[in-house]
Structure formats: C-alpha cells, structure tokens
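What follows is a set of structures to go through.
You will see subunit A twice below: alongside subunit B first, and alongside subunit C after that.
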Partner chain A sequence: MLKIADKLFNSRLFTGTGKFQNRQAMTEAIIASDSELVTMALKRVDLYSQDDDILEPLLQQPHINLLPNTSGARDAKEAVYAAQLAREALQTNWLKLEIHPDPKYLLPDPIETLKACEQLAQQGFIVLPYIHADPVLCKHLEEAGAAAVMPLGSPIGSNLGLKTREFLQIIIEQTQVPVVVDAGIGSPSDAALAMELGADAVLVNTAIAVSPNPVAMAIAFKEAVSAGRRAYEAGLGSRSLEAQASSPLTAFLDDM
Partner chain B sequence: MQIKVNDQPVTIKSALNLRELLKVLSQEEKGVALAINSQIVSRSQWSNHTLADGDQVTLIKATAGG
Partner chain C sequence: MSFLDTFNRLDWNEIKLSIASKTAADVEQALSDRRLNHDQFLALISPAASPYLELMAKKSLQLTRQRFGNTIQLYIPLYLSNKCTNICTYCGFSLGNKIRRKTLSMDDLDAEIKAIKAHGFEHLLLVTGEAPGTVGMDYFRQVLPKLRMHFSHISMEVQPLDQSDYEELMSLGLDAVLVYQETYHRPTYNKVHLRGSKADFDYRLETPDRLGKAGIDKIGIGALIGLEDWRTDAAMVAAHLDYLEKTYWRTRYSISFPRLRPCEGELNPVSLISDRQLVQLICAYRLFKPEAELSLSTRESARFRDNVLPLGVTTMSAFSSTQPGGYVNDEFLEHTALEQFAIDDNRRPEQVADAIKARGLEAVWKDWDGCYSH
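Coming up: the complex of A and B.
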C-alpha cells in the first residue's frame, strides 16, 4: 500500500477531472480507474452561466480523496492564495502545487514552487508539488516539507511519455518522499514503465479523458499501473547487448 | 448598495452576510470559497461577515482540472 502523509492508498493510479466530454463520462472513468486521489482545479464563478456541478458525483464516492491544484498561479504568492481558497472550497489540506507561468509548455517554475511549498507546509498543507524531473530540486522540496514530489514525464497534456526517464530514475533512487510521475503519460505502457522504474504512483488525466472510450482506457491504465508495480516488486532482470541463452545450446543438430 | 462579485457589479438591497449573498446569487455553498477585498473569509465566519458598500467579492469554486 502506498502511504502519503497520513493516508493509505490501495491504488497507485491518480487521476484528474479535466478535459472529459461531460460529467457522466468523467465520473464513470474515474470510478472505473479505482483511483483514490483525484485532482480538481479552481475557477472564478461566472454569475451569468450555469455549468455542470462536477464535485457532487465525486463526493458521493467515499473512497475518492480530492486534490485541488493551484493551476493558474504564476508565482508563489498567487499559489499560496489559491491554496488557501482551495482549502476553504474543498475542505482539504491536500494540495497539488503547480506554478507554471509559461502558457506554451506549462513548465513548472522551480524557484517559486520551492518558496510556496515551504510556506504552505508550514501552514499545515499536505503539499504535492508538480515539478520538472530535477533530482536536486526534489531534495530541496523534501526539506521544505513536501509530502510527495510530482516530477513530469513530459509537458502537461502532451502524451509524449517519459522523456525524463533517466532523471526520474535518479529521483526515485534518491528521494525519501513518495514519487508520483505526473504529466505527459500518454499510454498505459508509459504508466507501466514509470511503475517498473519504481515510481510510487502516476497521475493520468488527459490520456484517459480524451480517449474515445474513457472507461476502457481508465481500466487499461489501472491494469498497467498494477502490472508495472508488480514487476517492480518482483524485480526485473538485468540488460545486456549480448544474447544470454534461455535454452540449453546442445549440439544434437550437428549430428544430423 | 453596490458591490462587485468577481469584477461584476451587483446591487444588493441591504447589508447581507455572506451566506445570504450566496443565496441571492443562487450559488451553492458546497465547493465554494469567498474572499472579501482579497481577504479569505472561512466558511465558519460566513454568517457573521456582513458586506459593506463597495466590497470586492471573490467567489471561487472547484472545477475540472488535472
């Protein structure tokens, strides 16, 4: 079982609520995924438009914990304010800290993220910072009180997979807090690979939400995460360029 | 009395508290956070916090995101 802060998770697949076609598709996919930690964003209410209440169906699932994010915050000050609003809105101390000032690649700002993490951890938040796959930053965040780290595989929503693979391995080796690979996971095989590398969990949103069949894709991710984790626990064999015979190389063919 | 909610001008009849404001605006209480002039008002204080003329209200709610 995975433990983050004081919470135990049966499932190592975390999901998000963005980009689904509608509330029903979102709810069905999240339930099918067995995910127990689900991200949400915050927005200013538009008084003149009514939209789907996506919170209600999630609150009806007792096994689902909400993880509000600070998406939209451009610096530490905005992120701390967003975090405090999120805590009020969703009545949870859990927070996915994300600060990405550049709208094109949405890459996280490491300096502002570290500053905000320090402040928020002191204010009692359970902070899960979204960061680049930077092992040194992970150590700093750990010291600043992060409950887990969320390094990216590739840019948010890009579906490019684990472009940061070698750095994720270093993070997994060195970081004392749980490592959740977030962003860029485009297919179940990406998720399985992250788990085989020893990630504690993965967060998948876009790849499930934009699939023509989100429920089937959610199940595929669930199975991939569980297979990858099992493989990691079993222990993978070592690699070599040269062949290593798996059958005895007997000489009987020469006798014919 | 005139206030602004998320930068939109809103006229209210009397000095409402925040719980009453949400009712007037037909907004649910669940999943919502309120700040008045950039100061967050915690849910437990909504009934005690009365709006004043010219207040800037920030009304935030949970939405879909990853």
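Coming up: the complex of A and C.
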C-alpha cells in the first residue's frame, strides 16, 4: 500500500476531473479507475455549492479523497489564498500545489512553489507540489514539509510521456517522500514505465478524459499501473547491449 | 519598445503578396510541423490552403481537445453604456447615429446583475462606448467592486486606458481586457475612424503592451473582419500575438474574429469572408497557437456556431444583448433601439448549453475564481 502523510492508498493511480465532456463521463471514468485520490481545479468548482457538477458526484464516493489544486495561481500569494479558501469550504487540508505563471506550457514556477510550500506546510496543509523534474528542488521541498513530490513527465496535457525519465530516476533514488509522476503521461505504457522506474504513483487526467472511451481508458491505466508496480517490486532484470550466453564461454573452468 | 516598433517594420503589401503566393507544398509543410512560425501561418490562411480545409479542421479539433478538453466556456456581455464620442463608420454607437443613449446607473446595474445571475453566468464581459467623461475611471471605480462580489471572472472591452489605470482596475477585480485593433491597415483605419480618441491608431495598437506591463491575466486581440483584406489583417493579428506571447509571457491570450454585422449607420464590408473561409481562419489560428483561447460571439448564426464550435473554438458568448439595460426585460430581444449591432444567435443560455452538449462537449460556466484576482 502507498502511504502519503497519514493516509493509506490501495490504488497508485490518481486521477483528475478536468476536460471530460460531462459529469457522467467523469464520474464513470473515475470509478472505473479505482482511484482514491482525485484532483480538481479550485478555479472550476463552486466551493460553496454541494450541487457543483464536479464536487457532488465525488462527495458521494466514500473511498475517494479530494485533492483540490491551485491551477490558475501565478504566484505563492495567490496559491496560499486559494488553498485557505479550499480548506475552509471543502474541509480538507490536502492540496496539490500548482503555480504556473507561464500560460503557454503551464510549466511550474520552482521559486514560488517552494515559497508557498513552506508557508502551507507550516499552516498544516498536506502539500503535494507539482514541479519540474528537478532533483534538487525535490530535496528542498522535502525539507520544506511537502508530503510528496509531483514531478512532470512532460508538459501538462501534452501526452508526450516520460521526457524527463533520467531526472525522474534521480528523484526516485534520492527523495524520501513519495514520488507521484504527474503531467505528460499519455498512454498506459507511459504509466507502466513510470511505475517500473519506482514511482510511488502516477496522476493521469488528459489521457483518460479526452479518450473517445474514458471508462475503457481508465481501466487500461489501472491495469498498467498495477502491472508496472508489480514489475518494480519483482525486480527488473539488468540490461546489456551484449548477449549473455546461457552457456558461458568460461563454464569449463568450473569443471577443472 | 512596444509592438509599434515591430509593426512599423511589417509591410502590408508584402505580406498580402506573400499570402497570395503560397503553394500547396507550403501548406503541406505547415501541416506537418508541430510548432508553426509566422510564415507557415500565412500558408494556412492562403487560398492555397482551401483544399486542405478538412485536414486542417481535423488537426484543429484534435489540438483543441487535447489542450482544452471536451469543454466550451460561456460568458455574457454586459453593456454599461452606449454613449460614445467617436465617429466610426461601422459602429452603431457612433456619435453621429441618432439613437437613444443610456448609461447604467448603480440601480440599473443591480437589476442587470440579478437578471444575468439568474441564468448562471460567472464570466462577464463589460462593454461600453468610448465616452471617458461619462464612462471613464470614476465610473469604473464604482462598477467593478460591485460586480466583483457577484462574478468569478470580469473582462472589459472599453476605450484604451493608461497603464496606471489598468493597474488600479486590476486591484479592483479586473481579470482581462479585450482590445481589437479593428484593422491593422493604417490608411483604412484613418478612413473609418473619423473623429474622437479612437482615431489615434498608435495609442490603440500599444494598448496590449500597456496591459502586459500592468500584468493583466488575459488580453484579447483581433481584427474586425470586413474593414480590410481579412487575410492580411489576420497575419497582423498573428504577428501581434507572437510578439505579445514572447514579451509578456505570464499573460494568457484570446483571439476573436468578429464579422461586420448590420447596425445603425451601416457600412458595407469591403472584404467579405465566407463561412468556409472563416472556418479556415479559425483552424489556422488553432494550428498556429494551440494554447490561445478562440472566441466566437453571437454575431454568428446559431447554425454556424453549432457546427464550428467543436473545431477550435474554446469560448462563446450566449444570450447577448448589445444594449445597456438589455437583460432586465426578459423580452429584450424585441427591443433593439439602443443596441451596438444586431446579434444573430438569439437562443437562451440553456439552449446554447444544450447545443454544446449535443456536440459531445460540456458547457463550462466557471473557469476562473475571483480569489485569483485579489
């Protein structure tokens, strides 16, 4: 099981609520994914209405934990304010911290993110910051009190897969909090690869929401994440460009 | 430095010629690249791209869904005043037109807010004529804090202002400003703007720079289709967007492509654009800038809007009245004495939302929270 802060998760697939064509498609896909942690943009939801199209169906699922995110925040000040509003309205101190002043590629601002993480952790939030795949930043965030780190595989919504693979490996090797690969995962094979590398979880939204069949795609991701994790736990064989003969050339020495 | 420096280096006739000389090979090359440069955009709006429209539409749809998801964001314009000190040959609010003039009082505004909120809108576009004496900063200082309490996102389409004015309005809750150059062809611009501050081409052209320096969240630009050759104007809009994106990289951008509509004191369009060409233009903008918001207003017919909305558009107005006080009376569509131009899609908000749903998309009423505007 995966543990983040004080919570245990059976599923290592986290999902999102954006980009679906309607509430029903969103609900069915999230349920099919077995995801227990679901993020939603504060800017989209009506925090003070129990009938909100995004919130209402999620609140009906007892196994689902809400992970409000601060998408839209351009600096630490905006993100901290949004987080405080979310905590008050949704009664959760879990937060996906997103600060992207760049509206084109939506790349996260490392300086403002670290600043906000420090403040929010001190205020008792369980902070999961969305960041570039920067190993040193991950260590800083860990020290600042982040409950997990969420490095991107490639630009958000790009479906380009793990373009940051080498850096993700360093992060996984060094970081002492859970690593959730977020953004850019475009296919179940990307998710499986992230899990094989040792990521603790992945967050997938666009690839499921924009699929012509979101439910089938959610199931495909669920199975891929599960297979990838199992492979990681089993231990992958080492790779070599040279053939490893099953009858080694020097085996005769053992007989001498 | 501002876009004016870049603009002064652009030659209208040279760009027009470049568009006309594009070949099928240029179009195919543009369609095969992931990130397009300005010259490739010219190929996509050229006559040579016409046979490739279906392919362009498919790519545009795919890019739009990937970036924006299966959603269309809805907004409603609120006309605060039809007073105007400009004489513009194509606009119903033009000073010379004998229409009844009205500016909303604070009581009128309360009534309009109530009427608009009843329809579920959270994104509001404030529109006025250009009459700084009546609807200037003093008026905006009263209006914005009141509206901020009721809406999640507030845009403005009013006369160009100074940077310090924009900074003050942002502190009162302004999120976005739309400022269309109408046409980037300076001689034609001078010909259609006969009197008033709008005749200052350069001040208007530099407005997005002042907004960018003020740090506004979103800027909308565009050209009014019909005043000049639409292809060359679109090329100028694209160059402007390119410049703004690189210079003010924290800001979001939206593009509109309004076609001239019938109005009081009507002007016959000099450059007609067909429905097919407008679709080509929308798809070309999408392929050029996958992250730009593309907005379609109720100037267009319901049939056209329904068919084109999946292809690249991300934002639509609905239930628009282009006259101040138009929402209080539920039958406002019958009363057009004060309006800026005649709208074409008269459907109610829920009908527009149903049409969006029928295309497999979700109508989004709120995509921004006022908390980010503090």
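In this section, the second predicted complex is superposed on the first by the 235 of 256 C-alpha atoms of A that agree within 3 Å, B and C clash if a C-alpha of one lies under 4 Å from a C-alpha of the other, contacts with A are read in each partner's own complex, and residues count from 1 in each chain.
In this text, a contact is a pair of C-beta atoms (placed from the backbone, for glycine too) under 8 Å apart; a residue touches a chain by one contact, two chains touch by 3 or more.
Here the structure is a predicted model, which means the values were calculated and not measured.
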Who does A:T206 touch here: subunit B (first), subunit C (second), both, or neither? both
Does the superposition put A:G18 against subunit B (first), subunit C (second), both, or neither? both
In the overlay, answer first, second, both or neither for which of subunit B and subunit C A:N69 touches. first
Contacts of A:D102 with subunit B and subunit C, given as first, second, both or neither: second
Contacts for A:N159 in the overlay, against subunit B (first) and subunit C (second): which applies, first, second, both or neither? second
In the overlay, answer first, second, both or neither for which of subunit B and subunit C A:D46 touches. both
Look at A:L85 in the shared chain and tell me whether it touches subunit B only, subunit C only, both, or neither; answer first, second, both or neither. both
Considering each complex separately, which residues of subunit A are in contact with subunit B in the first and with subunit C in the second? 18-20, 42-46, 81, 85, 157, 206, 209
With touch defined as at the start, can you tell me which subunit A residues reach subunit B in the complex? 16-20, 26, 39-48, 51, 53-56, 59, 66, 68-69, 71, 81, 84-91, 156-157, 203, 205-206, 209
Touching residues of subunit A toward subunit C in the complex: what are they? 18-23, 25, 42-46, 72-74, 78, 81-82, 85, 101-105, 157-159, 206, 209-210
Using the touch definition from the top, list the residues of subunit B that touch subunit A in their complex. 5-6, 8, 10, 25, 27-28, 30-35, 38, 40, 42-43, 58-66
Per the touch rule above, subunit C residues touching subunit A in the complex are 65-71, 152, 217, 245, 249-253, 291, 357, 360-362, 364, 366-369, 371-372, 374
